[in-house]
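Next up: the structures, one after another.
Each of the next two complexes has chain A plus one other chain: chain B in the first, chain C in the second.
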Partner chain A sequence: MRNISALVFASGLAFLLLVITWQFILGGAPMLIGEAILQQAAEELGAANLVTSVVLGYRGIDTLGEIAILFTASTATSLVLSSIAEKTSAKSKPGLRDDGTILASSASLFFPLLMTIGLYIILHGHLTPGGGFQGGVILAAAFFLPLLAVPGRGVNHSGLALVEGFAGASFIVIGIIALFQGKAFLQPLFGHGEMGSLLSAGSLPLLYIAVGLKVGAELSGLLANLAEPSGNGDETLSATESASTEQTSMQAEKTKS
Partner chain B sequence: MTTNLIHWLLYGGAMGLIVIGIVGVVTLTNIFRIILALVIAEAGANLLLVIAGYRFDAIAPILTGQALSAMPTTQIMVDPVPQAMVLTSIVIGVGVQALALALVLKVYKNYQTLDLREIHHRMLADIDHSSGVISLLSEEQPKGERPLPEPETKNVLNSGGEK
Partner chain C sequence: MIWVIALMVFIMLVGAVTVLLVDSHVSAIAASSAVSLALSVIFVILQAPDVAMTEAVVGSGLSSVILALALFRLNRNKAKMEQSDA
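Entry: the complex of A and B
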């Protein structure tokens, strides 16, 4: 019965969406904003990667809000997981597990390579495919890889918070500097430079560096938070605890009845 | 004809992912699978956005080589706005998934199960217990003081879930 109703629901939903799909146009839908941006972006912002000029130039406030959402998610995650982490640390903390030299040293080997690729992608965000978000994720992977190789190593959370706060603040400060120069908030500064060179597109690379550092710090803190509470001694602890609560609830019900 | 086929394949694929995801969210009972279904629906939505900006015979919206000097480029490019939006939406998706996973981890620590109905019953039992009310979960649960065999620990909390 449950399966039949699910099937009916699914087919109804699919029919509804396919009817909407019937009206879509493939390849050549009239997108006025997109056309206008393609025409003007190169002259207005001087960034070779037009997606970057949309993300940071035309939709900069949108990106700021998006960073705020990521920050909220990361803060909420650490808030939710912090009580579990406390429980783990109250119990004897599981020591560093030794998974062999090969795993540990290859994690150390990959760290500088991943850092280089991540920083390259962030710095060339206005020239090539990539940018702050993609490079930031690679930076996070660079910091998370040693944690995967040697579980229980821990991460410098205060340092991550410092980088994160500094990057977010500098993003907003760049936007406010534009206000002082009589422009709109987050409007690109410092001229264009020669198009296609590393030092071009005004303040867009600076904004992307801020975004990259912030995304990298936030994601690595988030992954570390998710990885940390999986201690060994924790399972038995909570199991016995819940068993005792079940006992007490049983007794309570008995006395009530 | 082929254009029509490609149209249906692309849009139908994106919509199909969304349908799979939503149906999964609605019908599944394992919380972790619900998160995975959410991820699938999100992938469908992103795919739909990217396809909406597609142009035939177009290149990525990045100026390279000669196009850098010849400013108003003659080459057709795909729409950059949906790409920028998908870029941000992917990162937001990662944040949402991480938060959902953290909540699932917390639930699992408390109830030792990922089954949604089981968690529901245990949560109701917990609420009843902490407010000092006799559990109303099961109609069949014996109420009076009879010489009953000692029930197992789990049955008190699970009795509502088993039919």
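Entry: the complex of A and C
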């Protein structure tokens, strides 16, 4: 009943928003910046993927901000989760548990494939759709899959932190090198190269490699932290079935927003 | 092409309502991931492959994994607290 009333509320809100948006004139909005970028980007930056030249070339500082937001979120999450883990790990000692042959062998089968796809998407970010963020998430999935198959194996968190810090620092260093050459912060360096080849678009591929490594290391650390202190999974599965109404309504509200 | 979009919108609506009405939380997470998957198909049709890739990877993959892991953690902590109470 509460769900249905929430549904009615949401549809009323949607109706109001529709009425409000109807007031605006739907026509050719004067997007001067967008037009200018569309015309100039190909010859200015030489990236075959226009989205990359916007994300890293014209809006590089925004990307830096996104990375900073992700870094803050993952740091806070791991801080909270590790403090919980210290309390619980004394009671329940997670032993090496195999979750079945099919999951384990498919995890080891998918690991190289996912790594290849992730690295391909990162390296070809300036040529084909995709880039550092998408490829980084796929890399994180590649590292998380073996952890899902064999829980309690643990990950090398210090190594992940090293990769993450190095990638983030190199992103900023590339931006500062541009400053030393008399350009703006994060302005693309080196020549364009031949458009469409792997070594083109100046420093944009380097920036995307940094973004991809950073996102991959951050997210795999986050997922490992979430999954890590796994006791014997029996109690979790049985507890899932008993869903209290309060949580259901909370989730319903969450999906609305 | 319009029929593919209409089908995807229908799948999204069904998935979104399923999230609200279904009892099990794990099924709700799966339904919300299906919504993201249909949305990524719509992005491909609208010629935005970058956004489609992000939606497929993050929306239907990563966020549902994070939600499921958080759900398991919540349930485990709840079971532990009930055990210590009893």
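Just a few scattered comments:
Heads up, the rule we're going with is that the second predicted complex is superposed on the first by the 207 of 257 C-alpha atoms of A that agree within 3 Å, B and C clash if a C-alpha of one lies under 4 Å from a C-alpha of the other, contacts with A are read in each partner's own complex, and residues count from 1 in each chain.
Definition applied: a residue touches a chain if its C-beta (ideal position, glycine included) is under 8 Å from a C-beta of that chain, and two chains touch if they have at least 3 such contacts.
All of these numbers come straight from a predicted model, not from anything done at the bench.
By the touch criterion stated above, A:F9 is placed in contact with chain B alone, chain C being left untouched.
In the superposition on chain A, A:A48 makes contact with chain B only, while chain C stays out of contact range. Using the contact criterion defined above for the overlaid structures, shared-chain residue A:P129 touches chain B and also reaches chain C. In the superposition on chain A, A:I138 makes contact with chain C only, while chain B stays out of contact range. One of chain B and chain C touches more residues of chain A, and that partner is B. When both complexes are overlaid on chain A, the residue A:T21 reaches chain B alone and has no touch with chain C.
Contact with neither chain B nor chain C is seen for A:T116 once the two complexes are overlaid on the shared chain. In the superposition on chain A, A:I37 makes contact with chain B only, while chain C stays out of contact range. Of the two partner chains, chain B and chain C are each touched by A:L226.
Using the contact criterion defined above for the overlaid structures, shared-chain residue A:V80 touches chain B, although it does not reach chain C. Overlap of the chain B and chain C contact sets on chain A: residues 6, 49, 51, 84, 129, 131, 133, 137, 219, 222-223, 226, 238-239, 243, 247-248, 252.
Considering their complex, residues 3, 6-7, 49, 51, 84, 88, 121, 129-131, 133-134, 137-138, 140-141, 144, 219, 222-223, 226-227, 231, 233, 235-236, 238-241, 243, 247-248, 251-252, 255 of chain A touch chain C. Residues 2, 6, 9-10, 13-14, 17-18, 20-21, 24, 26-29, 31, 33-35, 37-39, 41-43, 48-51, 53-55, 59, 62-63, 66, 69-70, 72-74, 76-77, 80-81, 83-84, 87, 128-129, 131, 133, 137, 195-196, 215, 219, 222-223, 225-226, 229, 234, 238-239, 242-243, 245-250, 252-253, 256-257 of chain A are the ones that touch chain B when the two sit in their complex.
Contact residues of chain B toward chain A in the complex are 3, 6-8, 10-12, 15-16, 18-19, 22-23, 26-27, 51-56, 58, 60-64, 68, 71-73, 77, 79-84, 87-88, 90-92, 94-96, 98-99, 101-103, 105-106, 109-112, 125-126, 129, 132, 134-135, 143-145, 151, 153-154, 156-157. Listing the residues of chain C that touch chain A in their complex gives 16-17, 19-21, 23-26, 28, 32, 49-50, 52-54, 57-58, 61-62, 65-66, 69-73, 75-80.
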